[in-house]
Structure formats: structure tokens, C-alpha cells
Amino acid sequence: VSSAAGSSSGNPEKPVIRIGMMSSSDVIPYVLINENKLADKYGFQLDLEVFTSAKDRDAALQAGELDGVLTDLIGVCMYQNAGLDVKITGITDGDYILVAGKDTGIKNINQIKGKSIAISEKTLIEYTLEDILSNNNMTGNDVVKEIVPKIPDRLELLRNNKIDLGLLPEPFATLALNDGAVRLGSANQFGLYPAVSAFSKTALDSKSAAIHNLYKAYNEAVDYMNHTDIRKYEKTVIKAVGYPEEMIGKITVKPFRTSKLPQKQEVEAAVQWASKKGLCKPTLQYDQMVYDVYSGS
Amino acid sequence: MLVIENLSVSYRTKKGRVPVIDGLSLQMEQGEVLAVLGPSGCGKSTLINVLAGMLPIDSGSADFVTENGRQPLNPKTHKIGVIPQNCGLLPWKTVRDNCLLPLKLRREPITEEREREISDIYEALDVSQLLQRYPAQLSGGQVQRAALARAFVFHPDLLLMDEPFSALDAITRQDARELFLRIWNRNRPTTVLVTHSIEEALYLGNTVVVMGTSHGEIQYRMKNPYFGNSNPESVDYLAAKRTLHEKLKPDDERRGWIEQTAE
Amino acid sequence: MLVIENLSVSYRTKKGRVPVIDGLSLQMEQGEVLAVLGPSGCGKSTLINVLAGMLPIDSGSADFVTENGRQPLNPKTHKIGVIPQNCGLLPWKTVRDNCLLPLKLRREPITEEREREISDIYEALDVSQLLQRYPAQLSGGQVQRAALARAFVFHPDLLLMDEPFSALDAITRQDARELFLRIWNRNRPTTVLVTHSIEEALYLGNTVVVMGTSHGEIQYRMKNPYFGNSNPESVDYLAAKRTLHEKLKPDDERRGWIEQTAE
Amino acid sequence: MKGGAGLNRLLNKCLIFLQGFLLLNIIWYLAFAIMRTTVIPSPITIYQNFGTVFASQIFIHILFSLKRIGAGLALSLAVGVPVGILMAYSENANKILYPLIYFSYPIPKTALLPVAMMLWGMRDGSKVAIIFLIVVFQVIVSARDSVRNIDPSVYLVTVSAGASRAQIIRHITLPAILPELLTSVRVSLGTAVSILFFVEGYGTKYGMGYYILDAWSRIDYIDMYIGIVVISIVGFALFVAIDLLSGLLCRWSTPLK
Amino acid sequence: MKGGAGLNRLLNKCLIFLQGFLLLNIIWYLAFAIMRTTVIPSPITIYQNFGTVFASQIFIHILFSLKRIGAGLALSLAVGVPVGILMAYSENANKILYPLIYFSYPIPKTALLPVAMMLWGMRDGSKVAIIFLIVVFQVIVSARDSVRNIDPSVYLVTVSAGASRAQIIRHITLPAILPELLTSVRVSLGTAVSILFFVEGYGTKYGMGYYILDAWSRIDYIDMYIGIVVISIVGFALFVAIDLLSGLLCRWSTPLK
């Protein structure tokens, strides 16, 4: 139990970093930080809070119950717009895979015009979808967007032929593919890495050293992942990402990147999209959005 | 004529059948008013319920004999009017709707002549002003009159009354009894009147019966010469009262308290 | 001695104050039983409620005079026992707890002597077997006896009874009245008995008063020679009954129906 | 006189509304002034922004939600009332259905959303189904209990006059249980409004639940509070509507003043 | 005899439970057999997997949920009962509080989660607060109404014997409203169980709501249905517990047989 593990080390000197997240592949390095005792090594406590919905996570952040969150570019735009000073401090690795239902007959991304897709709106999923579409000379209006907030429900709709397409993170993408769904493309494939980690300005001011160390630990965890046989930490992955137990032995994880700040044009593109949806002001600057924890102390 | 022969009735409870009336036989002439006295729990209300068609008969029969022959008593074929203890007006219907409901249920057309007669009854019972009101908006005496009106508007072949005046105070009750007699005299339906009061039985019943404590047997029956006489002062009257009073006491010697009201 | 002087009481309703008793004066000797008759809605229960301390007095006074002087009547200083119409046993307490509750509320210690006396009262009222039961498990007569026991266990200075026997059937009622007299004779508390029945008033009250239709005035008052006599057959008795009956009718000429039960 | 009484009652409700509204806003303002946190905006800010809402089709949102609540409630009544009556009158039906209901009542129906979605689709079908599943048990239980509470003497008169089964239900059962049924509808309405949050989170772009959820996920607290205020007013209006309806249909239960 | 009656009642409840459980499972099996969709697994599969659940700390989950429900309910009763009694006895308190309650009742409390988190944190504080906010209104209203329904004649005897205000509340008010209060607690329990889904979605790794939500997000339908079955049984047990409690505390309200 991660939250308990944090407190069990019991040293009151060590600053506590509380991060809110939802189960997905992004969280693997963070779980490994605790599993491999990297937090102790770098002198902080990591308190991972798992949420089942983004709204609850945002409410907790808003209420000051969290220092940081695993979120995405669009999310940070919205925080900024809501007057919540949250800064991007690093990137995380998560992919979003566009799949078609097995009975739809769709084999190729060019066939998806007019098909229905289950997404959440005004989120990075919609952003990612539109980005993938524009990479293929289409726009958001070329597909029928159905709002389904819970990702498991989207998968279920896809499995039961109630919907044609899905844009799914792990582990749901794997589950869909195992079930016969067809992979049409992914965000990373088109160079889109929208997932980031971010901290509130208050936390950055009061715990800057600890957060600096967190990213050192993060990078060490990523190194460990990229250079260790997956079977050694497969259990951790299954628990953190939420793969079904019976997938043990079949899990694959692609190489993760070490953390750094996202690039300026990535952020600006996201701000532009978000402002078009009315989620933030178009004047939001890169410098307002990011905070460099790597060069400091 | 109402002919009850060897009637048995029981209630189904969790612990099996509880017989209440067992082998009751009784005859009533057309136009007779039968006043029924009896200790609490002896089965008076049960008898009323059976005759009203609310309770199934276990064995025996209750038949109604007219010029057209003899038929089992049945609310669908015979016209049975009931005035229960609390008058039984439907709270959600106005006095008028309450009075006309039995006719409506039987789909009896209201001819002009009938209409005039109904007005007459309203008039006689002084409820004409109250026709638009709901029962909750009436005083106790007014409710009583509305229930009488409903019963008489219906022209019942058989009129059943279960302690109809017990909820009224002394003076209102006296008026109600007089009024009942007045209206009853118009059509003289065969009537069963259950009562707790010996005076009432002697005033309103042309036959008085006393039921025993168990099995609903009829313990005592008398033709009543004081029918319709509100305050007879003969010595015989007092004697009759005393006899009925004696008959009402349970058979075994009473000690201090009788728990007749206990279940 | 209970001295009521110029007492006025009113109810607060949405439409302002409704006066019910207006300028009532009344004196009761120690150990008197005052039987109160009156048409429905005249204010009998209101009087009981005022004396019981449930309703505030608008003006005038109700004082209790003992050897120790004259004090305003107050449940905290005087011991007032009440038997309301439905007996007022708390359904969630056993008969024993009900009977002892008034003593508990006043924190009166139960000495050994007291205890013996209480057992005596239970015995006399034949409730000893029922002490563990809840009121819902009693018959009407048993409830009645438990309420009497509670009132007498308390040793009230003033006993108030609001139609205590009206819920009982004819025979049980007669027994209850006899029993009341028997127990009452032990300590002879000053008693107010509200009743609807002229016979009851003449049987149980050593003074009988009749209240008028309005303002709670006392219309008629008589010393009652038949107190404790259950079936007097003198001509005077019938005359007294008739007089009370007359006095109970409203002043104005009655036509057909009186709507006394209307609000 | 009748109209006057109705108007009076309406005015009275409006007064209660105003009083409650004012009090709540004062409490809200105090909370805002004391806490000074972003999650509790000032009520003044909210009402300043209220104008924009009317521009933004709030009425369409209200309409969609009302439609769903209405359909769910109507279906619950259409199923629940007959079942409740059947259980009250037939010992056999009761024996079979009672354990089923007693056991299904505490099942958290919201967990059945995936099933509902598969069976009735993502649109109003599954939304109405969820509302129905939650409300119908309350209706059944309250219908059954109130039929059982009907004073037996009212049957006596009707049965003895030769009424058929259908006539008894029409003239006695239905009018007798109406007041309690309306009370249970009121409670159910409260429940239905809170389920909006759940069922309007998917497959729609309209509805008050959607409106608030959308604002919440955009972290637009001003809009979110506007939605909460609107939904509260609508909820209040529904309450009042049922009160008035009950006053109208159950005039018989109140004595003349 | 007393013990026997209690045992009998318990046995009776168990029978109802078994009957309802069986019936529901038959319906479930039929649904499974007819639909053949992934979202409705066979009940047989579920019960085959039930063993693993007991291994996996389901009792801890149950305990956590019970703790939260218990705290929320206790708080609601501690606040709601006195407020309800106050409103029933004091016309002035009623005048002020009634509009507030009438207006706050339909406010969707779940939308106040950010505020609750802000004020009471992400742990049990805000969870209990949300349960409290939803349940307390029901308790207040039912306490107020049942105090108003107390037969005035029971006061007469107590007041005339010189009882103080506190004595009246202790000897009359509280015992008199107990049966209705328990009924309202039963309804509230149902509500509280369904709110678990909402409040156990954050800030915890324990609780039945979390268990089901977690299984749902892992698309582990077997586990999810196991959770639903467990929560239903717990809900049923709570119902029965309150029934038995009410039978015990309100023995006075049932006549001897």
C-alpha cells in the first residue's frame, strides 16, 4: 500500500510529496520509486493517491490535499484558467491507441469517416483524437463523438458493437486488441506525447528540493525499467496499470523517456486547441505553464 | 325474508382457522328490524360482514326469499346497504358522490322520479346544504346523516347497521335514532342493527336477540313491544331491560372484573 | 380546597385568540367529586387541561388551599393526577413503569411502607398480573384499571378525569365505575370528573354541574344525593335526570338537528 | 374561494422559497468570507454571471433533465403502483415478491450502469432505466404499505353495494393511497435529481447534470455553482408543484377552515 | 419466550433472505443465458470465484465501509434528531429552519465534493461529511414530523405530574419517535450504501465502494459482481439488523400473540 509505505518509514524530517493519479501506464515509474525504496534514498516520502475520476482528483488538488498530479497539457491549461497555479514539471509516458471494433470491418484509419467513437470531451483524449485526425487530413467533425466518461465503459461499448471506434490508454487498449479489435494508430506514433506531471506553485515553493529529488528518483526508476527484464517487475506493472491478473507473462512495456520539460511548441499547440474549446485564454504563455526543477539546486 | 341456516364462519389466522360463528340459524321477516346485542368479541360485526359479502361462508347458507323465489344472499344480486360503526363514508368523495356511489357501482340509471325521491331524502335528513362537502368537513352528526342518506338513497333490500350511533354524544344520538325511525318507515327495508345499548335495542328493534359469548349462538330472542317508543315508563319495560342485562352477562359467575374486551 | 376565580382561557389559532372559558368561578371542597356535564365543544376538556397545567391561564386564578395556605395550582408544587379519555398510558412503558412514572418524575422515594401500599392498590385493581405488560397487550378494561392504579399510586391532591369510562362497553363500564368508587374512598382526593353520561354524573359525582354552550359558564349546579348509588329507583332520581337532560339542551329552541359536534 | 386558496398556497410557497433562498445565500456568503478559498466563490460573483447562463440554453438543459426524470418517474409509477397493490391484496404475490424486493432494495443500482448501457443503449434508454430501477422499489414499498393501511370499513360499504374488483381499485384503492404516493414521489424526486449527476455524465450534451459535470471537469467553479443554483431552484419548483398537486387532488383530506 | 421470539424472527429473516437471494439469482441466470454479453457473467462463475474474495481481505473492505456509514449516520442522528425536535416544539425555530431545509433538500450534495474536500480533507472526513449532508435532511424531516404526530394526551399525564422539559423529552418524545426514526434510518442506510460509490472513489484503498469501482476500472467483471453481491448481502444484513433492533426496542408497539 503506497500511502502506508510512505508513512511507515516514519522519519518526520523527510518531506512528503502527495501526487494524485489515475491508474494507467504513466504511473509505473512512480510506483517503482516506492517499490525500489528510491524515495528513501533521495530523502523524501512519496504519497500516491489513486483516483477513479479526474474530477475527484482535480477537486483534491483544488482543496490543497495534493502537491502534484499526473495530468496532461489540456488539464494544466484548465488549471491555469481556473486560477489554480499549477506548473508542468516533467513529462510522463503514456500512449493512446485508436482501435476499431472487430466487427466494424474497419482495417485502416482512412475508413473512419462518419464512424462513432467513444471519448471524453474537452480532455486530452479529444485533443489527441483531433490531432490524430488532422495528421490524417480529417477534422473532429468527421467522426461522431459519443461522450462516455468512464474508460471501462468505452471498452465495453466497443466490445459489444455499440460503438465503432475507441481511443484507449493502457491497459484498455491491450484488452481491446486481445479481444480482436484492430489497431489503427496511436498518439505517440504521430509524435504526440500529451501526458505530463505537474505541481502546484505552492508545493514548488515549499518543497522544491524534494521535488527536484523526486525527478532524480523518477529518472532512476525509468533507467531501471528500460534496463531490466520486465518479468522482474511485472507484478508491479499489473497492479499499477490495472491489467487483468491473467495477463501475467504477456505484459510488454515500451521504453520510457527520462523526465524533462515538454517542448515549447507542444505546449503552445495544446494551449491553442484548449483556447478554441473555450477552456483557457489564448494568451497563456509557455513560461506560465512550465517550471524548471531540473536546473535548480 | 332473510333465512340463515346453520351458518358457520371462521377467520384465517397464522395459527389456523378460528371459528367465530358456528351453526347459526335465524329467520327475519320482510320489514323486520332485528336488534343484536352481545358481549364484545362475540361475533356481531362478523355477522354483519358475512351478510355484507365481505367474508366467505364456511358452511350453511344465508338466503334471501322474495316473490321471485329463494336465492343465496349476494351483493351482486341483492341490494345491501351497510352503515358501519364509523359510517364508512369515503373520505375522498363529496357527500353527494358518496350517496350516489352505490347506484353508480350497480349502474342504476337515475330517472327523474328517482332524482326527486333522492332530493326528498336529502331534504328529510337535512343534508342538502352539505352535498358539496367532503366527510372531513362535517361534524359527527352530519356524517351520521350522510351515511343514513346513502343507505336510503340506495333502496336496499337488506340494511345492515353496526353500532351506527355509538360515536355520537348523548343528545345527538337521541336525535339520530328518531331520524332513523322516520326514514326507515318510508320503505321499511329488512334491517339488522348491532348495538351495545340495551335502550337502543328496545327502541329501534322490533325483535331483539342476544348473542352468547362463543360460537355466535343466539342465546335469547324476544319480540319487542316497545319498538319506536322512546321513553316507555311501564314496569314491564324496566323488567325487559333487566332481563336483557342479565342475559348479557357471561354464563359463569363473574368475579370482580370480566375481561371481555381482551382478545 | 380548589378555588377557581374569574378564570379565562383561550386557544391561539392562526386567526387570533379563540376564547373558550371566560370568567369561570368555581369552588370545590377537599374530597369533593365534581361531575361536569356539558354539550360537546363547550370547554370541558379545556378546563381539565388548564387544571393539569397544559394550558396557560389568560386571566383569573386557580388556587389550591390547604392548611399551609393558598397557592396557585401548579403541577410542580401540587400533585395532580390525570386520567384522560384514552387513559394516557405511555405505550412504551410497562404497566409498572407507567404507574411509577409520576413518582419518578417528582423524585419521590419509595419507602417500604409506600411499596406495601402500592402493592395493595395493584391488588385491589387486579393488575398485579399485568405489571410486566405493555399497554398494547392489555384489553380495554385492563388499560382502564392500570390508569386508575397510576392515578391512585401517585396520591394526587387533585384528580382530573376526562370521560374516563366512555371507551368501555356497557358492562365493563359499570364495573369500572364501581371500582373507581371503591379506590377513591381510600384517600378521597378532590376530583373533577368530565362525562357525557347523566347516569354517570349522578352515580359518581357528589356535586354535578352543567356547562353552557359558550364561554364555559356554569349553567346549573346541584348537590347530588344519589352519589354512589348505582340504581336508585326513586321518582326524584328520574326527575333529576330529566332536569339535567333539559339543562343540557342548548338555550334556543332546537330544530331537528343541532350541530353541536361541528367545530 | 377555491382559486383564492390555491393562490394563497402558491404565495406561501414563494415566501418560503425566498426565505430559504436568502438564508442559504447568507450562509454561503459567510462561508465564502471566512474561508476565502477558490472552491467557494462569492454568491455575488455567481449572480453577476447568471445572465450569461440564460443565454447559454440553460432551459434546454432543464428540459432534457425534466424529460428524463419524468419518464423514469412515470415508468416507476406505472410498474410500482400495480405491483404494490397486487402485493397488498394477494398473499401469494406478496410471498413471492416481498423477499425479492427486500433483497434487491439495497443493491447499489448505479453499479449496474454497464449492464444498463448494454441493454438500453447510451442514450435516454439507460438513463431512464437507472432512474426507474432506483425509484421503483420506493414506489412499490410505499404503495403496498399504504394499501395495507386503508381502513377496512371503507371496503365494507363498497363491496356490499356489489362493486367489482376494478371498481374497488378505482373508487377506493387509488384515491386512498394517493396522498402517500405523492409523498413518496416527492422523496423519489429528490433521489432522481441526485442521480442526474450519474446518468447525465455520458451519452448526452444536455441536461442539468451534464451542465454541472461539464463545468466541474473544466474546473469552472462559477459555472458549476450556477448549475447547482439552477438545479436547486428546479428541485424546489418540483417539490412545490407536487405540494400544490397534492393540495388539489387531496382537498378532501383537509377540513374546512 | 422472549429469546424464542427473537430467534424466530431471525430465522424468518433468514428465510426471506434465502428466498430473495435464490429468486434474484434465477433472474440473473436467465438474463445471462438470454443476453450472452460480457457485462452479465454467469452467477455460477461468480460463486465459483467467491473463495478468493475471502482471502482478499473483503472483511477489511466491509469494515471500512461500515465505519464510514456508521459515522455518517451517527452524526446525522446526533444533529438531525435534536434539530427535528426543536422544530416540532418551537414555532420560531420552525419558521426559520423550515424554509432552509425545504430549499436545501433538493440541492445535489454530491456536487459539493470540492467544498467537502476543502473543508474536511480527502480521507474519511469528507466522506462522512457527504453522507451526513445527504442523510441529515431526511432525519430532520422525519424527526420533526413524528414528534408532531405524537398523541397530545400522552403529554397530559406527564406534564400534570410535574415533569421538566428534559424529562418530557426523555420519557415521551424520544421513545415515541423511535419507531419512525428507525424506519427513516433504514431508508437512509439504503441511500448511504449507494453513496459509497461516490465517496469511496477517492482517497482510500479500502471500502466496498472502492472494491467495486476498482474492479470496474480493471474491467474485472467477476470481481465487480462479487463486490455487488457482497454489498447487497451487507445491505440486507444492515436492514435485518435494524428490523431486529426495532423489534427489540419497540416491543411495546406489538400486541402479544
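Order as written gives the chain letters A, B, C, D and E; numbering starts at 1 within each chain.
Everything below uses one rule, namely that a residue touches a chain if its C-beta (ideal position, glycine included) is under 8 Å from a C-beta of that chain, and two chains touch if they have at least 3 such contacts.
From a predicted model like this one, the values you see are computed outputs, not experimental measurements.
Note on connectivity: the fewest chain-to-chain touch steps from subunit A to subunit C number 2. Comparing the CA-atom centres of all chains against that of subunit B, the greatest distance is found for A. Inter-chain contacts peak for the pair D-E, counting C-beta pairs in contact.
In this assembly, the C-alpha centroid of subunit A lies 39 Å from the C-alpha centroid of subunit D.
Averaging C-alpha coordinates per chain places the centre of subunit D 20 Å away from that of subunit E. A straight line joining the Cα centres of subunit A and subunit B is 83 Å long.
Centre-to-centre spacing of subunit C and subunit E amounts to 46 Å, using the average Cα coordinate of each chain. Each of the following residues of subunit A touches two or more other chains: 55, 59, 62-63, 150, 152, 156, 160.
Shared interface positions of subunit E, i.e. residues touching 2 or more other chains, are given as 37, 39, 114, 117-118, 216, 255.
Residue positions of subunit B touching 2 or more other chains, listed in rising order: 263.
Note for the complex: subunit C touches subunit E at residues 49, 52-54, 75-76, 79-82, 84-86, 88, 90-94, 101-102, 105-106, 133-137, 150, 154, 160. Interface residues of subunit E facing subunit D in the complex, by the touch rule stated above, are 16-21, 23-24, 35, 37, 39-40, 96, 98-112, 114-115, 117-119, 134, 189-191, 193-194, 196-197, 212, 216, 224, 227-228, 231-232, 234-236, 238-239. Those residues of subunit E whose C-beta lies close enough to touch subunit A in the complex are 37-39, 113-114, 117-118, 121-122, 201-203, 205, 213-214, 216-220. Touching subunit D in their complex are the following residues of subunit A: 54-55, 58-59, 62-63, 78-79, 81-84, 120-123, 146-150, 152-153, 156-157, 160, 162, 279.
Contacts from subunit D toward subunit B in the complex involve residues 151, 153-163, 167, 171-172, 175-176, 178, 250-256.
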